[in-house]
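Before I ask anything, let me first share the structure, which is written out below as structure tokens.
Order as written gives the chain letters A, B, C, D, E and F; numbering starts at 1 within each chain.
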Amino acid sequence: MIYESIGSSSAEWAGKSYPAIRETAEADGSLLVVPVGSVEQHGHHLPVATDTILVDAVVHGGSEAAGEDLPILVTPPVWSGFSPHHLPLGGTLSLELEHLKAVLEDVALTGVENGFDAVCFVNGHGGNASLIDAVVSTVGRSTDAEVLGTTYFSLATDEIETLRESETGGMAHGGEYETSLMLHLRPDLVAETEVRRGTPGDEHYEWSDVDLLHGGPLSVYRGFDEYSETGAIGAPELASAEKGARIYDVVTAELAALLVAIHEHNA
Amino acid sequence: MIYESIGSSSAEWAGKSYPAIRETAEADGSLLVVPVGSVEQHGHHLPVATDTILVDAVVHGGSEAAGEDLPILVTPPVWSGFSPHHLPLGGTLSLELEHLKAVLEDVALTGVENGFDAVCFVNGHGGNASLIDAVVSTVGRSTDAEVLGTTYFSLATDEIETLRESETGGMAHGGEYETSLMLHLRPDLVAETEVRRGTPGDEHYEWSDVDLLHGGPLSVYRGFDEYSETGAIGAPELASAEKGARIYDVVTAELAALLVAIHEHNA
Amino acid sequence: MIYESIGSSSAEWAGKSYPAIRETAEADGSLLVVPVGSVEQHGHHLPVATDTILVDAVVHGGSEAAGEDLPILVTPPVWSGFSPHHLPLGGTLSLELEHLKAVLEDVALTGVENGFDAVCFVNGHGGNASLIDAVVSTVGRSTDAEVLGTTYFSLATDEIETLRESETGGMAHGGEYETSLMLHLRPDLVAETEVRRGTPGDEHYEWSDVDLLHGGPLSVYRGFDEYSETGAIGAPELASAEKGARIYDVVTAELAALLVAIHEHNA
Amino acid sequence: MIYESIGSSSAEWAGKSYPAIRETAEADGSLLVVPVGSVEQHGHHLPVATDTILVDAVVHGGSEAAGEDLPILVTPPVWSGFSPHHLPLGGTLSLELEHLKAVLEDVALTGVENGFDAVCFVNGHGGNASLIDAVVSTVGRSTDAEVLGTTYFSLATDEIETLRESETGGMAHGGEYETSLMLHLRPDLVAETEVRRGTPGDEHYEWSDVDLLHGGPLSVYRGFDEYSETGAIGAPELASAEKGARIYDVVTAELAALLVAIHEHNA
Amino acid sequence: MIYESIGSSSAEWAGKSYPAIRETAEADGSLLVVPVGSVEQHGHHLPVATDTILVDAVVHGGSEAAGEDLPILVTPPVWSGFSPHHLPLGGTLSLELEHLKAVLEDVALTGVENGFDAVCFVNGHGGNASLIDAVVSTVGRSTDAEVLGTTYFSLATDEIETLRESETGGMAHGGEYETSLMLHLRPDLVAETEVRRGTPGDEHYEWSDVDLLHGGPLSVYRGFDEYSETGAIGAPELASAEKGARIYDVVTAELAALLVAIHEHNA
Amino acid sequence: MIYESIGSSSAEWAGKSYPAIRETAEADGSLLVVPVGSVEQHGHHLPVATDTILVDAVVHGGSEAAGEDLPILVTPPVWSGFSPHHLPLGGTLSLELEHLKAVLEDVALTGVENGFDAVCFVNGHGGNASLIDAVVSTVGRSTDAEVLGTTYFSLATDEIETLRESETGGMAHGGEYETSLMLHLRPDLVAETEVRRGTPGDEHYEWSDVDLLHGGPLSVYRGFDEYSETGAIGAPELASAEKGARIYDVVTAELAALLVAIHEHNA
């Protein structure tokens, strides 16, 4: 029940009154952050809202690390992502691509109307990533505010590479990276008895993505039921809460640096 | 930060793994509930997420009152509503009507794919109400599941009428009804020093809506900045946490009866 | 053949030349009325255009009662409504919801371009009602003219309640209300030998609509072939031409009062 | 007020009950005709519904001439056409092109669902003509019924050429052809004192259309206010009711022959 | 491989740098030409790109004949046409009608942004012709530039009539006209051993089109596999390279005259 | 004039008759390749069709290197890309994002209808890259064929890195990479006297893309007129035809390997 924790961070749009929002928006170098997640199957051990939980946590963590005095506001996470490839397994609520595009455009454009100097999408679901890039262009054409977008697990990859224990492929959907973060942030939602290695099929092309940290030049469409028996891919058995805490620190620090840079660039 | 409280109710879709969701969906008379709110200005004393907070609370309250053994799941609230008339004051994130329609259709249709026998939208924002009705038809044509929709403050209006102290017009946007519920559920988010009577203009036609409990036969479009100086309308000064608790009990009981009826109708 | 009677009322847009239309539009407090009906099955005893015939008659009756000197013009009725739930029985021509929305927006917006101060949709088909409400918002955002909408059988319901002989449920689709009006206005199109009570299924929820005069808080989607053997619901056998005349007088008088109020509000 | 004359022809869909419509639709070689007009300025002497009045009359005349025993039904005329080039003068209600396309597709497809073997659009407005052709393709792909389309003034042009007194250009918008038909069919709606020659500008390219009877290979977009002071083009002063009667006879006979051919082709 | 010949004509947009394009666009009476073809089956003897090859050649021929000093630029041909009726035979790449419409609008509108005084679509595929007409209107409403459209084989039809050897019907899809042009322009792509008379079915209505030179008043939708065994219709066996050269000269001369007229009209 | 060189490669869809296309499509492991380019300003020294010329050349080179006996066909390049950020400088023809999406979906889906086992988009324009990824998903959901996508300059980046002379940022829009390829493939279209270093502004964030070979985690929207005086970015002065030949060999070899892998994977 999300109604219980709305407003727990000082940067949360949702918990403020409109005069407070306008005040921040009108400050110099003001920045609106739009977290985008998904609700989709994440194997037997993780809840379906994993991507939304993680991106919401990382964005608020980054925003706090950037400093509470910066004029940054964070919208509620867009939890409805683009996940058609997960539908066959169940547990997934997915928008059509053009509908998610429209939501992101509307949220960003009605948000910046308040006077923000910049808006940055922060994405937490691989299946949304290319759309986020595209929406940066369509929103960018429609506003004078600066428009940016990123996916949190593409940040600070060099440092995180040093933290991993798995080989390439182990930090994939529901693997070492996401499971560690969940063990750190919401261990109560991790079914540890269900943690099982998700074997990526030998169906992969060598050119295609196999890991959150390693994108390849080739995109391939394939239903997740063809990839994995459990719905997860990678090495969740190598995950730990401690590793999650370190990943969280590295990523939020990097995101904080980015948010500060955007603020300064537009101040 | 909504990530902190996801999964706190046993009926929450978001906090479950996909096998658990499928199990509920495949039970006899299973029911998916989609809460729909808004993020829009609610005067100086209430947070912009008021509609989302309230509908989320009422839906989970109703679901719990219906009985935890019933096969009911609740999606995360769709927090992005249709609120163009609130944009001029600020604090509002609004979707275009057709985009909200698309989101509701996609969420409901990918949700029922899991095997639900029925899906019910529960709305918490007046500006969404007619769209909810319309979407019941468009979703209804596209699935064999039974499709229903309601707005929570249209339930149990006779009983709530007995609880009110304000005259007609006092239970409008940010007035006695909503402020009481917020004082009961999230008093920390109510700026009590900012509670002021919102004077509805004499701009009203006698045929048009003036109160959450009293719909009229006439719809009129008007920006909220023409109605009210504060952004709220009605009598929030008559609100109290105790009244909010009673409203909450009445409405969740009525919603529970409806959910049970839907379950039994489709079992 | 509608070509024979176009222009028979002094308020008809269709029968005028463009200079005459502009003259009215430019007058103080000018008002454009857009009737919206449907072409859908109405049981064995009524023609499929019943909703269009009735809304067209009521709107012109109301306009005449408001006074011929008021600057009011009435477009031809939009006869293509949203009636997917009637398609299985036959006789129905239905638009997709978004297409009807687009038609209403285009007609209203190109109409007010002539200089009208207000535009009011008057609807005659239950299935269109929520869309009319929604379109009031989308058109309202796109023009400086005042935008309003209503459904004629939601007007003057207290008085009509005193005229009825049927119990709740008797004034539903093709029942006592509509059949009486048709017997008054176009008795030649009523197949009196086919008048049969339409039994509403016990499929109804107690929260849902069962009568033109009594809306409930719950919307449910259901094909009309599930409701009724004949396609009609209610008590057409209690209809009479005399009752139709009285209903017509009551409703047109109320609509006239509304049109005058809109005119004065914008003059 | 169109409600007064609905049902005056035996081929009118609007005035029938649904069982009667299904009976015709299920007959061998059944044909649905969809007349398409416009509501747009037609100079000072003709009403804005001229195109709708004429196509409705011609279609019912053609249908009657084809024989009342043929299984032909005619929908109400789609009176909302595509007339952006007429908007500047006033009196015009125009749909966006894609919205008119959607209306025609929905009307035709929900109509043929009743069991028709063929559907034929008959158009009465030059600005709709190319869209009618295009919609024949899009509807044709979506149904097994045969799909056809024509514009009535492109029929029997050789014979009508012998009836004209004007030179090429005289049978243009609101000119000799349309004014004659109106004088024959609805003389009460013609303001004879306002009949004035509409001078087509010397803005014309030799390759472009200048007359209802003579299409050229070139389309040019131009607002009507650039063409003509009155809004009409051509020689309405050469029009007469007698000529209108002869044009009507020739065109309805040709249309009847076409309808019979379609019926026989699909029987 | 089209990359080899881009830039071979002095009027080609594609081969120029942007400063050169702006210079031409800013000249007096500047004209942008957008050729539109298709990729669709053309029988066993012609390549699927026939329409694109021919319209590209005719447009550049016309442009050169108009004079290299005129400020005319030609975009690359839009090769993706509207050809659903050809899909069953194979070899066809077809856009949905509304998608082709959008492409033409975007290309024309971003093109004229450079400063052109006029834009003219020149079409080479019968199935696109009505859409071209319609797009002239939609683009025309959105720009101050003059907007025109034509289909090349509707030009100079009187002269070409004198060149033909076939009867009406022989100059249809892949018949005497197109095969002659291809034998003149790209004989290497004509499989002469596969040239066979395509028998148009006796399925034709007398009112419908049967020849590129003779349009009729009736549109009918029919898949090409119902018309013809080979996919072609007409008399390709009467084609010759010499006749193709003469057709080419006549058509490019006429198109040149049209382009000059547009230039002068807008200079 | 592209009509002159259509059909010059044995893998070209455009130059074939439909029976030949079907034969290839029905072979085992058949693959359809859709090149996607753009027409947009490329500085003063390169033609606006550079992206289309290069992707067309690379795709045909890759296809030839894969072996002429493989069942691979290449559609004409989609030359209309998504380039809104280039419009201010001129020379650009750009589609709206959703329109390009629709074109790619229609081309791919009507193409695979012929019987292909796989379809691969090969993109040549950075601004299209994220859309290509997204379209892989939307097309993938709509067909049983395997759907893939790549951008040619993301292939073999390690090897090309060894060929470069510029620092990071030198292989950007119209820089060392593209100019070298153009000097190798179409030197006649390169204005060597106009080759000037394009200075990327210090407006860059350290997280954003600066080079075709080095993607960063951040997307930023910015018009090209803010980046660069000439419209190009990077080091075209380090380009050479010889380097272009080596880049071409490396990239076509890598693409060939990918095409063979797709063929084998689906055979």
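One rule holds in what follows: contacts are C-beta pairs under 8 Å (C-beta built on N, C-alpha and C of every residue); 3 or more make two chains touch, one makes a residue touch a chain.
Model, not experiment: these values are computed from the prediction.
Enquirer: In the touch network of chains, how many steps separate chain C from chain F on the shortest route?
Expert: When the steps are counted carefully, the minimum from chain C to chain F is 3.
Enquirer: Please give the intersection of the contact partners of chain C with those of chain E.
Expert: D
Enquirer: Determine, using the mean of C-alpha atoms as each chain's centre, which chain is farthest from chain D.
Expert: Farthest by centroid: A.
Enquirer: Can you give the whole-Å distance between the Cα centres of chain B and chain D?
Expert: The answer is 49 Å.
Enquirer: Express in whole angstrom the distance between the two chain centres, defined as the mean CA positions of chain B and chain C.
Expert: It comes to 29 Å between the two C-alpha centres.
Enquirer: Residues of chain C that touch two or more other chains: which are they?
Expert: Within chain C, no residue contacts more than one other chain.
Enquirer: For a test of understanding, state which residues of chain A touch chain B in their complex under the given definition.
Expert: 1-9, 12-19, 21-22, 25, 39, 41-49, 52-54, 56-57, 60, 75-80, 87, 89-96, 99, 102-103, 106-107, 110-111, 113-114, 185-186, 188-189, 191, 194, 231
Enquirer: Could you list, by residue number, the parts of chain A that touch chain F in their complex?
Expert: Residues of chain A touching chain F: 82, 84-85, 97-98, 101, 127, 129-134, 136-141, 146-151, 154-155, 157, 205-207, 215, 217-222, 258, 261-262, 265.
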